[in-house]
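The two complexes that follow have chain A in common; it is paired with chain B in the first and with chain C in the second.
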Partner chain A sequence: MSAVAAKPQAGGAMNPAAMAVGVVMLIILVGIGYAISPGLGLTALIGIIIGGVLIGFGTHFVPVGGAPAAMGQAPGIATGVAMLAAGAGLAGLFGGAWAAEQGLVVATVTGGVGGGLLMAITCMMVNFVYVFGMGIPSASGKVAKDPITGDTQAEFKSQGTEGHGLPFISFVGGVIGGFLGGAGGTLIYVQLLELYEASLPAMMGLPPAQVVPIAVAAAGMFAVGLFLVNAVLTAYNITGTIEGPHDPKFKRWPRAIVASAVASAMCGLVAILIVVPM
Partner chain B sequence: MSVKVEVIEGGTPHNTILITGLLGTLVCLYLTYLNVLTNTEMFAFFGGLAAIIALIWGSHTIKVLCSYGIGTGVPSAGMIAFGSGVIAMLFATRFGILAPIVALVLAAVIGFILGYISNNILNMKIPAMVQALTEMAAVGALSLMGFAALITGGFTFEGLTTGTVSMLGMTISSNQISFIGGGLIAVAFLLGAIAIQHPFNATLGPGWKQDRMLMLTAECGFLSMIVAAVMSFALISAGSAILSLIIAIAGWAYTYNQYIDLSKRDAAAWLDAKPIPDTEGH
Partner chain C sequence: MEQIVFGIGITALTGALATIAGSAEDTESNIGSQGDPNSQVQLAPQMGFVHRIFNKAVAGEPPAYGLWCALGAGLAWAFMAMQVNAVLAIVLGCVLAVFVQGVYATTAYLGRTASLAKFGQPVYVDVLKSMTSVTMAHAFIAIFSTVTLCHLINGALGHPFPLPLLGLIWGIALGAAGSATGNPYYGKERQYQNQKFGAGVPISASGNIVRYAEAGERNSLDNGFFTHKIGGSASGVCFGLIVFLEIWRTILFEQISAGWGAIIVGILMILIFTVIDRYIEVWARKNYGPYTEAKVAS
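Presenting the complex of A and B:
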């Protein structure tokens, strides 16, 4: 994108008809899931949908600044939504994958902690670079007072910018977003892993121990694919940059929930079909 | 509602690139099936060529989509292409010889629904969105399948999940040493994703030229093919892997030189500065 590129004027408007179509598609996809694999497959599909929605919702919390943030002219971390969400989600996924044998809850929480930790470290180092490297204080341009600490923002904000640095609320938002994204990614992975470990031996005619590498790799790849799809769809929803949970763009989350649910249901259905006998 | 900021001036129209890319990819993918017919692995390199042709088509699709300021950066388009493509590709490998066709159709369906979600539910309202995401998912699926064929010599689920390992002179079948079980698919995924998102990101701007961008895509594609060909030593015979590697290196050297020439053509001025100054004569 060139610097002069005009941002799409998508705005925060909802499209009720399209949302209704989305919900109907979701119900149809879950129905197909029930028809082809009523037990394990349907459980996995519902887990995948919940995981996808967690990723889509969590991404809204992450302070994404893009190119303006790199120049100190907008608050947030200076890269794109897809990169940040993928970083947090994959870090969470790797964290959660280690705990996959310890059950769903432990693995999901571990994944969430992994993602949250990555965002916390990223946010802290970003603020180090902003404050000590570029010499700019943290100030939000979207709110007069930080909703958590109550600090006023206006006197720290340079003229002609939308704010800069990473205010406290953005830091907190980043950690929450990383936690939700990591938990969602891990949930998808664990659900698919259980499904594949249960059904691949019969399908391929191999002992269970031998299919473990394939189950792990296939579940991991599907989780990464689903993660990227959900992260990019959310990036499209917030059209580039967002400051965190206090940003007016945050109110667009219902659209992302429906979009993530439909996209996850569709991709999850394909991921389940791979082990359904034909 | 959105404003188109760049128009395609001159050059090959997008539909020509689309049809050529699609047919070229499918033909090259099916040429790897000669491996099964002739019972060798010599034709694996056609998989790499299929991936490169798909990447060239995909990078032009990214150009069409990102000409509308989508506000999320060019790399996100490459990420969604491979994210949706890998899902279609893995499922399609179950269909044996029909795998490329199934991957194409399934990826197109997934991409179409993602396009509908972006344009209507997320209210993007970008005219090229639905077609671009449909093409992009197909490109992701087909180029991953190309890399799979390059590395393993085939594109069926059996071939991608089983390998052989030699131990103490015995050859035993193993699922760990395989394209999916060994995690090579993750490397192939990112090799393709980087190659598809880089060219337009690197050449965009007022001086954008179609032939320069497509040459850069071919160069990135061959660079990825070099790495994939090196990985293929683990799974196919050394002779076939060396053949792939030679083709990849030759293709990369040619396209790299062409790209440098095109960059010199489009540059306002060219100073051949040397990174290390000559110290002779001291």
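Presenting the complex of A and C:
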């Protein structure tokens, strides 16, 4: 089929064969992880995969309007999907890393709340600028009524645009996306930190206290890298812009979950192999 | 107790630095025309509207600032490892990072504008000479403030991440906050000042950006002056709130209930911002009213 003949697929058109191949690849990668390090390494790999899936799924919630949003031509936040998700998720990772000593659950939730807080402040300020700086009310271009508040949308769209600003459902989507992204990034960081703190002393022949800075830096870099991998991968799935959970493009999330799981498993395997002797 | 008071003082300082950084970042990106609104600067000559606006979409603002802040923080870290005084090390690191920003700005302007030659868009050497240094100056303020707050977080508050990693994280967050908040004000309100106030730009008007000022042709310094008043200030408040509240809730409430105190306070703050956002949305619907009757709207 030529590019001209191909029909745009706004909804959740899935390719079962590709999904099956993805699942098989995931099983193979987890199997390799089990073969090289059945204990701590496998636990870390599974944590990384779950974290990556959380990031990939969470990115779908983030309302991003791209360039049209910057001219008030489309709803959403006027920046790129991957960039905004990364900003929120990494701010969450910052908070989560601080709380890493408090345990996995507290650190992960702290990271999630950090990401959600960044998105809440950003979304509120976006609406502030639209309303008080530009005199434009919020309006969705994808739904007739806001699914949460029930506010009608069509009559608040200015002429010649697809909507503008952030309707309440988009705000809530942004906070949920930031929460999932921050939690996913922190989960990856904490899993890698535990692995590195356990493996590096024997590998480098140093006392555990001396390897902590190296473990923290390496785990942090891998967490940031894995975050960007999953956010960019999801941005391709979204193809540019999305209004939030009410957007028809949101239905595409299953294929991003599979892709994120495979990509995270692949990258996670590399992160584990640097400390596991073959 | 002293430790908490010290932490609150550092938190306030980082919040102030973040506010300056957010404001300078947005103004830099508007003078340099970086981010999503630059799509119109690039599009205008293709629609027959030749202009004298700077055109340097090096990358999206978050990765660009992630690079520059990580570079500034990394170099400052290296200088500090060489026993250079921390203040001097941060200044030197940021100066070197700003030179990289200047190189990117120059090559981006020349490359992007040269690609529009077939549409009659000239490369204005005077624009390059007068605007690049101004974007570099604003970038220095943004990068210096961000690297300094990262140093405070790392050195005074004891965050485990090394300085370059903190620079990358907060640089990306700075770009995300600045572009999200400031872009619409530059993209809609300034570039399309010829369109109706209180409405989005019709898609059919794309590319028809305002090219003339009170006297002569509009330049990017005018854009920075205009957008700084609301877009820049809002971006500063946005990034300042993010940094301040994130650190404040950790410093004050992390020790309560084994970490759950900071989580509960964070959730409460999210709920407060949700209420404020909803109030703003409803206020706009009531005071501005619909554009059309609900029955005939499409």
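Just so we're on the same page, the second predicted complex is superposed on the first by the 265 of 278 C-alpha atoms of A that agree within 3 Å, B and C clash if a C-alpha of one lies under 4 Å from a C-alpha of the other, contacts with A are read in each partner's own complex, and residues count from 1 in each chain.
One rule holds for everything that comes next: a residue touches a chain if its C-beta (ideal position, glycine included) is under 8 Å from a C-beta of that chain, and two chains touch if they have at least 3 such contacts.
The model shown is predicted, which means the values in this text are computed figures rather than measured ones.
Trainee: When the two structures are superposed on chain A, do chain B and chain C clash or fit side by side?
Mentor: clash
Trainee: After the superposition on A, what does A:Ile77 contact: first (chain B), second (chain C), both or neither?
Mentor: second
Trainee: Between chain B and chain C, whom does A:Pro277 touch in the aligned arrangement: first, second, both, or neither?
Mentor: Neither partner.
Trainee: With the two complexes superposed on chain A, say which partner A:Gly205 touches: chain B (first), chain C (second), both, or neither.
Mentor: A:Gly205 sits against neither chain B nor chain C.
Trainee: Kindly classify A:Gly66 by the partners it touches after superposition: chain B alone (first), chain C alone (second), both, or neither?
Mentor: Both chain B and chain C are touched by A:Gly66.
Trainee: So, A:Phe168: does it touch chain B (first), chain C (second), both, or neither?
Mentor: A:Phe168 contacts chain C only, not chain B.
Trainee: Between chain B (first) and chain C (second), which does A:Val224 come into contact with in this model arrangement: first, second, both, or neither?
Mentor: both
Trainee: Would you mind checking which one, chain B or chain C, touches more residues on chain A?
Mentor: C
Trainee: Of the two partner chains, chain B (first) and chain C (second), which one does A:Ala88 touch, if any: first, second, both, or neither?
Mentor: Touch partner of A:Ala88: chain C, not chain B.
Trainee: In the overlaid three-chain picture, which partner chain does A:Gly39 touch, first (chain B) or second (chain C), both, or neither?
Mentor: In the superposed model, A:Gly39 contacts neither chain B nor chain C.
Trainee: Classify the contacts of A:Val21 with the two partner chains as first (chain B alone), second (chain C alone), both, or neither.
Mentor: Once the two structures are laid over each other on A, A:Val21 reaches chain B alone.
Trainee: Which one hits chain B, of these parts of chain C: 116-124, 170-178 or 242-250?
Mentor: Only 116-124 shows clashing C-alpha atoms.
Trainee: Would you tell me the residues on chain A in contact with chain B in one complex that are also in contact with chain C in the other?
Mentor: In chain A, residues 66, 80, 83, 86, 213, 217, 220-221, 224 are touched by chain B and also by chain C.
Trainee: Within the complex, which stretch of chain B touches chain A?
Mentor: 1-3, 5-6, 66, 68-77, 79-80, 82-88, 90-91, 94, 106, 110, 113-114, 116-118, 120-126, 161, 175-176, 178, 180-183, 185-186, 189, 204-206
Trainee: Within the complex, which stretch of chain A touches chain C?
Mentor: Touch list, chain A to chain C: 66-73, 77-80, 83-84, 86-88, 90-91, 93-95, 97-100, 102-103, 106-107, 109-110, 113-114, 116-118, 120-138, 149, 151-152, 154-168, 171-172, 175, 212-213, 216-217, 220-221, 224.
Trainee: In their complex, what parts of chain A are in touch with chain B?
Mentor: 1-2, 4-11, 13-15, 18-19, 21-22, 25, 66, 80-83, 86, 204, 206, 210-211, 213-214, 217-218, 220-222, 224-229, 231-233, 235-237, 239-241, 255-256, 258-259, 262-263, 266-267, 270-271, 273-274, 278
Trainee: Using the touch definition up top, name the residues of chain C that touch chain A in the complex.
Mentor: Against chain A, the touching part of chain C is residues 35-37, 39-40, 60-63, 159-162, 165-166, 168-170, 172-173, 175-177, 179-189, 191-192, 197-206, 230-231, 234-235, 237-238, 241-242, 245-246, 250, 254, 258-260, 262-263, 266-267, 269-270, 273-274, 276-278, 280-281, 283-285, 288, 290-294, 297-298.
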